[in-house]
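Below, subunit A partners subunit B and then partners subunit C, in two separate complexes.
Let's turn to the complex of A and B:
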């Protein structure tokens, strides 16, 4: 009898924690998204789809969708292209290339709050590194984080700076899995470097690219810390990404219903994305020998 | 190597350029650490100086020693408990076939795709109901279960030959002893990688302590640093050297650890991604 129970006892703690803090909360979020509540009042009034209707007809929601989409559309290709280019160079095993990998990887394990604070200084109008450089070259100082046209690009820059090393490490692992004979064969054929890159490297790292594509899109839709510290979503909503709006609605406006509706929309969207990409990857994965 | 002068000189130049690019890439962080040793007066006047006064101020006036302690306690406990819970589950998933086992494992893997923000409001309500907001427990409990660590360790344990388990069973060991005496020692590299992963993610966690903690005494470094930076918005009043000292305190433990164990970190990440 005890024999049969053994595996259940081993998985019990993990499953219990996941149930309390992950599985049940998802259902709770769905439930709360149909209600009106402010953390305080004794009743959680059932309002059906009203929270969703309010969200879908609010300018804030569509602004957050727009801002987050722009963020993803710019930052994802930027991350992948830079990472693949740098990884192709750093894939060789020299001391310099290892040091460089370390330097590039460091930000991805460093506190995001610290990075956001440091870059708030880098981009600050009066004392920042960038404006000091511009002033030295004789240009006007730019109000990076106060200009609605620029603030989102600052956020994209900081996020790319932080995440790039992770992408590079993954690409290097992918590149190292490419059999070197393929390169030898290609260069015997007189293939030039760009040609070899296009015809050999690119197709062979496709599975890695798809993996990073999923990861970076999901990341883009969960950006919060950098925005919260650097701009609080401003100026004028220019950096109000979806999770920042979720935090704002839930924990500063205390509108639990709408906050939950927003969380459910984000959840459904990201799951759909993950499932879609799982199918695409499933089809393309034959490159992996 | 052939003593070919032109190409080796070319290589030196290339290496120097790459290293310079690396330094430039890290320059904001390097400069922030340097700035933390400047007096505010010297910094704003553009002089050079060396002082520890910013650190003294961060600790004495702004309680950063306490935040450091809070971060160490929370991340430490999350790491130990998280590893224990994940290793036990990984062992069962790797070694036992049992009714519901596949379903449970699929449910664990599914958590890798679930965006954590959907649990934010409900977890806040759960802990409020339990009276655990504003406590270490409130910071620790929601972070213990890591589907990623359980999945990763299960893959690793599956690679360990079963003959080793069986030899131990022959010697009269029970399942728990096999886990503790056979599986855990062999899995040390994987466990270490996952421990680092858990520690770093919890150390850098921001949104949860931000919503779950109101008492200043229980701030983690992340929340304390963000608050310190936000105390005086408006550029002319920010004491940048002080803020950078606080930021350096926040970065330092992970930075030091990084220098020592980078390889393990990279292994954990690439094994999770490529396998």
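Let's turn to the complex of A and C:
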């Protein structure tokens, strides 16, 4: 009996931790999504599906879905492509590449708030470094953060800059695991560099790509700090992503019921997306050379 | 051993009495506030003085962030049971917390405290919601018009320019922009929300009628005021769009000597003097249709959830912070207005009035200063107004259409909150 229980006892502390800090809050969010509450009233009025109906009929919700989707569709492939390209170069063990790895990884461990504040000034229309450079070259000043057509791309740039170092390090680890004999064999067979990359490197780093894809898609749908500090979702909702809307609805507009409904929708969507990815891409991932 | 027993018993008694007196007398008040830099130092000085005079009370002061941060964090702390004992709340946003019973009714405390007669009428009024006292003002302000004398001179604007109407302000901003725009200097900072409210008031309107509670966001004079404010950015190009998306950037650029004029709270006086020195001039807000300015700032409230002895200690601190002595420290350091009738008699305040001429402008405006409405919907309205303003100021939405939409949504939200 004790023998059967032993493995469960080992995982019990972690399960208890997860239950308290993850599962119970998720269940509470689901419960709150069916209620009307402002954090302060003693009663949490049961309203059924009203919060979901209000959200699904709200212009702001569909705008947030659109903005977040555009963000994910652009930023995820951009991050992965750039990271793989740079990692392919930095995988060599030289002093320069080691220094570059450290330099590129630095933003990943820097406070997101600090990064966002610095970039707010870098992209400032009248006082920013980029526009000062453009003006010096004789170009017009660009309203980076005020133009709804541009603001989202600024956010994508800053987020990519911050996350790229992490992706690069993971890719380098993946590339280092590729057996060198395969490259030798390809070389003997007269394979060109691009061909070797497509036929040898890419398939063999597929597990790494798959891992980074899962992580970066989740990250893309949960971007908050950069948006909150740099634009607060503006101008005119152009960067209002789902988690920013969730914060605004729940913590600024005091509607915790709708905020929870939004969190539940995001949760279900991300799970569905993970399952879809596992079915479509996961089958193409091979873990052995 | 028997011989030592009386000694041991005596020592034990002393230790017991000592610990009991510690427990009874020592009260700690967790106090959340929004002040940093010179204002934070002035607050620390007031707290130190208070603790020296009240040895049994400790004020555990915690800087939480700006007013919005305090509202968000307070709200989140309530269900967690981790709310503070006392909190600074902005004067238009405490109504919701009072309405929901989060803040305690301070009327009895106020009525039984000599402070009642020492506070100016405006200071008493801003703390009243639904006929009861919920906060006691600590930092009161009105918006004023700051300008950089050196920039205006450089642009060829005559000394002490007439800045009484929207047209006057625009003319000066345009001259600065035309003369110095190429050097990266803007005419005026895009008005922040407090200044926007002031500009609406001096166009003889309001966001919400403070007496009837009627929502006036789509009233013709409000629309006209917003049209003018938005035109500064997207039509006349005299205000940087940076200050629209990040309001503090307009202020920071003014402090850095990159902007000719700025309409902002008197609470910025201390840092403006520090940044611009003798180049800083403080003028009253324009009187476009009428002379009227909103009263801003914040007051200290006590949480209903605090224990009784903590509430008493918190009240002692609130009363002390509003005393003439404390208020003189605060007023002379920050530029926030005096709230106590006897503040000006204090040497520190008298010296500040003598040596810092700009500090008097806000006091002179008190004759036409007006408290703002504070029904529960104001918190929602103010949070939403930022998006509306951005859309109008950046020329992305028509002003009338935006304000019609905003007014309708605010009315719907007011109805929802009243349920």
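Everything that follows uses one rule, which is that the second predicted complex is superposed on the first by the 259 of 289 C-alpha atoms of A that agree within 3 Å, B and C clash if a C-alpha of one lies under 4 Å from a C-alpha of the other, contacts with A are read in each partner's own complex, and residues count from 1 in each chain.
The working rule: a contact is a pair of C-beta atoms (placed from the backbone, for glycine too) under 8 Å apart; a residue touches a chain by one contact, two chains touch by 3 or more.
This structure is a prediction, so every number in the text was calculated from the model and none was measured.
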Fit or clash for subunit B plus subunit C once both are placed on subunit A? clash
Based on the superposed arrangement, let me know which partner A:32 touches: subunit B (first), subunit C (second), both, or neither? first
Of the partners subunit B and subunit C, which touch A:125 in the superposed model: first, second, both, neither? both
Between subunit B (first) and subunit C (second), which, if any, makes contact with A:20: first, second, both or neither? first
Per the contact definition in the header, classify A:137: touching subunit B only (first), subunit C only (second), both, or neither. neither
Please indicate which partner A:252 is in contact with in the superposed arrangement: first for subunit B, second for subunit C, both, or neither. second
Pick one for A:194: touches subunit B only (first), subunit C only (second), both, or neither. neither
Check the residue A:11 against both partner chains and state whether it touches subunit B (first), subunit C (second), both, or neither. first
Tell me which of subunit B and subunit C touches more residues of subunit A. B
Answer with first, second, both or neither: which of subunit B and subunit C does A:231 touch in the superposed model? second
Which of 21-29, 75-83 or 147-155 in subunit C clashes with subunit B after superposition? 75-83
After overlaying the two complexes on chain A, where does the subunit B footprint on subunit A coincide with the subunit C footprint? 120, 124-127, 251
Footprint of subunit A on subunit B - complex, ascending: 15, 18-19, 21-23, 25-29, 31-32, 44, 84-86, 88-89, 91-93, 95-96, 98, 101, 104, 107-108, 111, 113-126, 141-142, 144-145, 147, 150, 175, 179, 200, 203-204, 206-207, 210-211, 221-222, 225-226, 229-230, 235-236, 238, 240, 243-244, 247, 250-251, 254-255, 258, 262, 265-266, 269-270, 273-274
Of all residues in subunit A, those that touch subunit C in their complex: 38-41, 120, 124-127, 143, 145-146, 148, 231-237, 248, 251-254
Where on subunit C does subunit A make contact in their complex? 68, 71-72, 75-76, 78-79, 96-97, 100-102, 184, 186, 240-242, 244-246, 249, 253, 256, 258, 379-380, 383-384, 386-387, 390-391, 394, 396-397
Subunit B-facing residues of subunit A, complex: 4, 6-8, 10-11, 13-15, 17-18, 20-26, 28-29, 32, 94, 96-97, 99-100, 102-107, 109-122, 124-127, 129, 161, 166, 169-170, 173-174, 177, 208, 211, 218, 221-222, 224-225, 228-229, 243, 246-247, 250-251, 256, 259-260, 263-264, 266-267, 270-271, 274
